[in-house]
Amino acid sequence: MKDQDKRMLIARRVARELRDGYYVNLGIGLPTLVSNLVPPGIEVVLQSENGMLGVGPYPYEGEEDADLINAGKETVSEIPGCCYFNSADSFAMIRGGHIDMAVMGAMEVDERGNIANWMVPGKLIKGMGGAMDLVAGARCLYVAMEHTTHDGGPKILKQCRLPLTGLAAVNFIVTEMGFMRLTPQGILLEEIAPGLSFEQVQAATEATLLRSPHLREMPA
Amino acid sequence: MKDQDKRMLIARRVARELRDGYYVNLGIGLPTLVSNLVPPGIEVVLQSENGMLGVGPYPYEGEEDADLINAGKETVSEIPGCCYFNSADSFAMIRGGHIDMAVMGAMEVDERGNIANWMVPGKLIKGMGGAMDLVAGARCLYVAMEHTTHDGGPKILKQCRLPLTGLAAVNFIVTEMGFMRLTPQGILLEEIAPGLSFEQVQAATEATLLRSPHLREMPA
Amino acid sequence: MNKLVRGADDAVADIANGAVLMIGGFGLSGNPENLLQALHKKGVTNLTVISNNAGIESEGIGVLLAAGQIRKMISTYVGENKIFEQRTREGTLETELVPQGTFAERIRAGGAGIPAFFTPAGVGTPIAQGKETRDFDGRPYLLEHWLRADFALIKAYRADRWGNLTYRKTARNFNPIMATAARVTIAEAEEVVEPGGLDPECIVTPGIYVQRLIQGAAYRKPIERRTIRKREPGQ
Amino acid sequence: MNKLVRGADDAVADIANGAVLMIGGFGLSGNPENLLQALHKKGVTNLTVISNNAGIESEGIGVLLAAGQIRKMISTYVGENKIFEQRTREGTLETELVPQGTFAERIRAGGAGIPAFFTPAGVGTPIAQGKETRDFDGRPYLLEHWLRADFALIKAYRADRWGNLTYRKTARNFNPIMATAARVTIAEAEEVVEPGGLDPECIVTPGIYVQRLIQGAAYRKPIERRTIRKREPGQ
């Protein structure tokens, strides 16, 4: 599968989790794709941690506004019902547990729901931005990422090796291979991509996967 | 001197402390009188801790608005340049040291600048409202009160006997007898009401007063 | 997404005996009149009410107090209410009095996911008893904890269908912070418009904090202290 | 009371070498362009800058960085700036990286007189090293301290002569909280009106937080990532 196909598969699966009235924070990169895939008939409000609820799509050419950007510093637009607030109010919203769903990428996730996605020792540290607050505060955290690294190494581990972004924070992992739920017993594989066996997914995963008794095919 | 004359004398003296550009919180009762005595040619902005900067005078009859009250629950008006904010923002402003000057009454003040003005043991406790926050947060706290109790007992004490509102909080005491500054050494009498001797003021005061080398007559 | 429910009775239907409520308002200004009335009519009891004041005998929270619906008040000043005094003397009402700034900040902290913070207010006073005191830069501060509630009852001025709210003048007071600190926030507004009908720069409470909304009606807006000045000739 | 000063050079005249500055903006959005330029021109050095990002090479705070005026940055993300990387490798720039919510809350706390508070962000991460951890309701939190500055440089949209400020869209970001947390707050605005010219319900920064004000000019408002969608026929 091409990278772009993997990414779209993951984004589409995440989008199926959206419910009418959800307030959602989408991370930079893959998670941003979800914004274009909101199922018809429901209203979802996107939060951007730089101080906006009701983020709309990229502006039409010529309508870009330097005063209207998302947390990835991309120009965006407004939807009716949007509003603005300062950065302390924005993170009060996040930390206070008011965001129904946050979606972000990760370098590593482990069996306890720990997540690492902000620094690699030895490389220049660019900073964690709002990731630690989102990880600690979102009511439900989805990790949306490719199942393995570019050279095929596992990203879903027994225990994270990189410095953490947050402890026991992840609720769901969505990859091109499957849909996983974090449980007190470990990582439960609930859905599996068409054409894959449980053993194939396990082979690409360092963590021991639990097989859901209701394991089903991941919808496209 | 009649009570009302004493109160006006005190309020007029406090009003002389106002400077152009001051942000001031006036307590309920006597301190409220100061709002009508702002010296000509200066602009002072009154804060009301229920969420307003730029409190104006009482409204004209027929213009009262239940949505526009001060912290004493009295109907007030707006001045141009006023603004509104919520109660947490209001006390952030107070606690953060942004109010140049707060004026409040007191039951007792002592040599260390301790103040008691919210409860009398044995009587029903009504609550401290915003007094403890104002006392702790105002950049400069003026106590404006009659020098003695109604039966002539001292209110300026060696040590407060009532439960405190705040520790070492008072900067100035203004009474009908004089103008006093709290110093690390004690209470310094800087101005004395016309016709009174230092000894007469001391006799009405339990605390030991320090006599300013520049002691002068209190301007009316 | 439509947070608008039919009326106040529907909005408070699941508030059960023993619930912890935040109720907006400063004195009688900015009270959720319609929701308070519905709560009174419903007859729910044993309530813990977090509100700056206790109303007066015949108005605001005072009505719930008079009907014996409140077990405990967390407030900053309760001086205007004789029934409050009476219930306290009887021992049928528990009261926790909190400095107003600490009260506001504890509510804000509840909404903002801050379980505790240090404040200078109350150091050296009876309020400090039993609380951790710690020095920062040589000055003592008290540790205070967040306040949260099962329900917040909020009075707004205008709202949109998504629960975005604006307020009017000093009727704003505790309403916006209480909206953030409850499991379920129920707002009433004098006017409800479609999303987009409020200026995005002027929305005070983002809709994320509001779970239910009603269109309020028949506002009485009592005034506690009607203070006026005389019109000079020519004004 | 008139907080309007002649221009940016006058406004920053007393910012001395070694000062601690808060500078508003998220990336290049909502930067105080005029004040930054004056600061650069003045050549003041050894600055500690508290700002969410470090600008890019040729824009925003990046210009001060390139000129070697900054000794230390307290930020949340500094990825867009090559000069930042270079200075860090040289050892001529110290950096303190803070989770963005903690960063914002520490600034708010600085303005609000809260010396320290507990937050869940960063527990179990390198950020927690050396910090007090405490459980509340069975969950661990870190103790974090307030941030305050000598000067805050703020970009507003509209202002009145008393320093009341409004902002525009997401250019609001850190500006309002930084305005509260400095000894001297200097604001620049695209438009300055008389008191009464701004809607009292929509003022975001009350004038009490602003000591000096300038009328900004020649805003460039660079865009870091110009993302657009194609117009469909008929749109």
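Here the chain labels run A, B, C and D in written order, and each chain numbers its own residues starting at 1.
Here is the rule we use: a residue touches a chain if its C-beta (ideal position, glycine included) is under 8 Å from a C-beta of that chain, and two chains touch if they have at least 3 such contacts.
Keep in mind the model is a prediction, meaning the values are calculated, not measured.
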TODO: Look at the interfaces B-C and A-C and say which one is made up of more C-beta pairs in contact.
DONE: B-C
Open item on the list: Please identify the chain with the largest separation between its CA centroid and the CA centroid of chain C.
Closed with: A
Open item on the list: Taking the mean of the C-alpha atoms as each chain's centre, how many Å separate chain B from chain C?
Closed with: 28
Task: Whole-Å separation of chain centres (CA-atom averages), chain C against chain D - done: 33
- [ ] Using mean C-alpha positions as chain centres, tell me how far chain A is from chain C in Å, no decimals.
- [x] 36
- [ ] Indicate the whole-number Å distance between the mean C-alpha point of chain A and the mean C-alpha point of chain B.
- [x] 55
Task: Multi-partner residues of chain B (each touching 2 or more other chains) - done: 78, 84-85, 91-92, 94-95, 136-137
Task: Residues of chain D touching at least two other chains - done: 105, 108, 112-114, 119-120, 167-169, 200-201, 204
- [ ] Specify the contact topology among the chains shown, as one of line, ring, star, complete or other.
- [x] other
Task: In contact (per the touch rule at the top): chain pairs - done: A-C, A-D, B-C, B-D, C-D
Open item on the list: Residue numbers of chain A touching chain C in their complex, please.
Closed with: 20-21, 23, 42-43, 45, 47, 53-54, 78-85, 91-99, 136-137
Task: chain A-facing residues of chain D, complex - done: 26-30, 52, 75-80, 85, 88-89, 97, 99-105, 107-108, 119-127, 140, 157, 167-177, 204, 221-231, 235
Open item on the list: Looking at the complex, which residues from chain D come into contact with chain B?
Closed with: 1, 3, 108, 110-114, 160-162, 164, 180, 194-196, 198, 200-201, 203, 206-209
Open item on the list: Per the contact definition, I'd like the list of chain A residues that touch chain D in the complex.
Closed with: 48-52, 57-61, 63-76, 78, 84-88, 90-92, 94-95, 114, 119, 124-133, 135-137, 163-167
Task: chain C-touching residues of chain D, taken from the complex the two chains share - done: 105, 109, 112-120, 134, 136-137, 139, 141, 145, 166-169, 199-202, 204
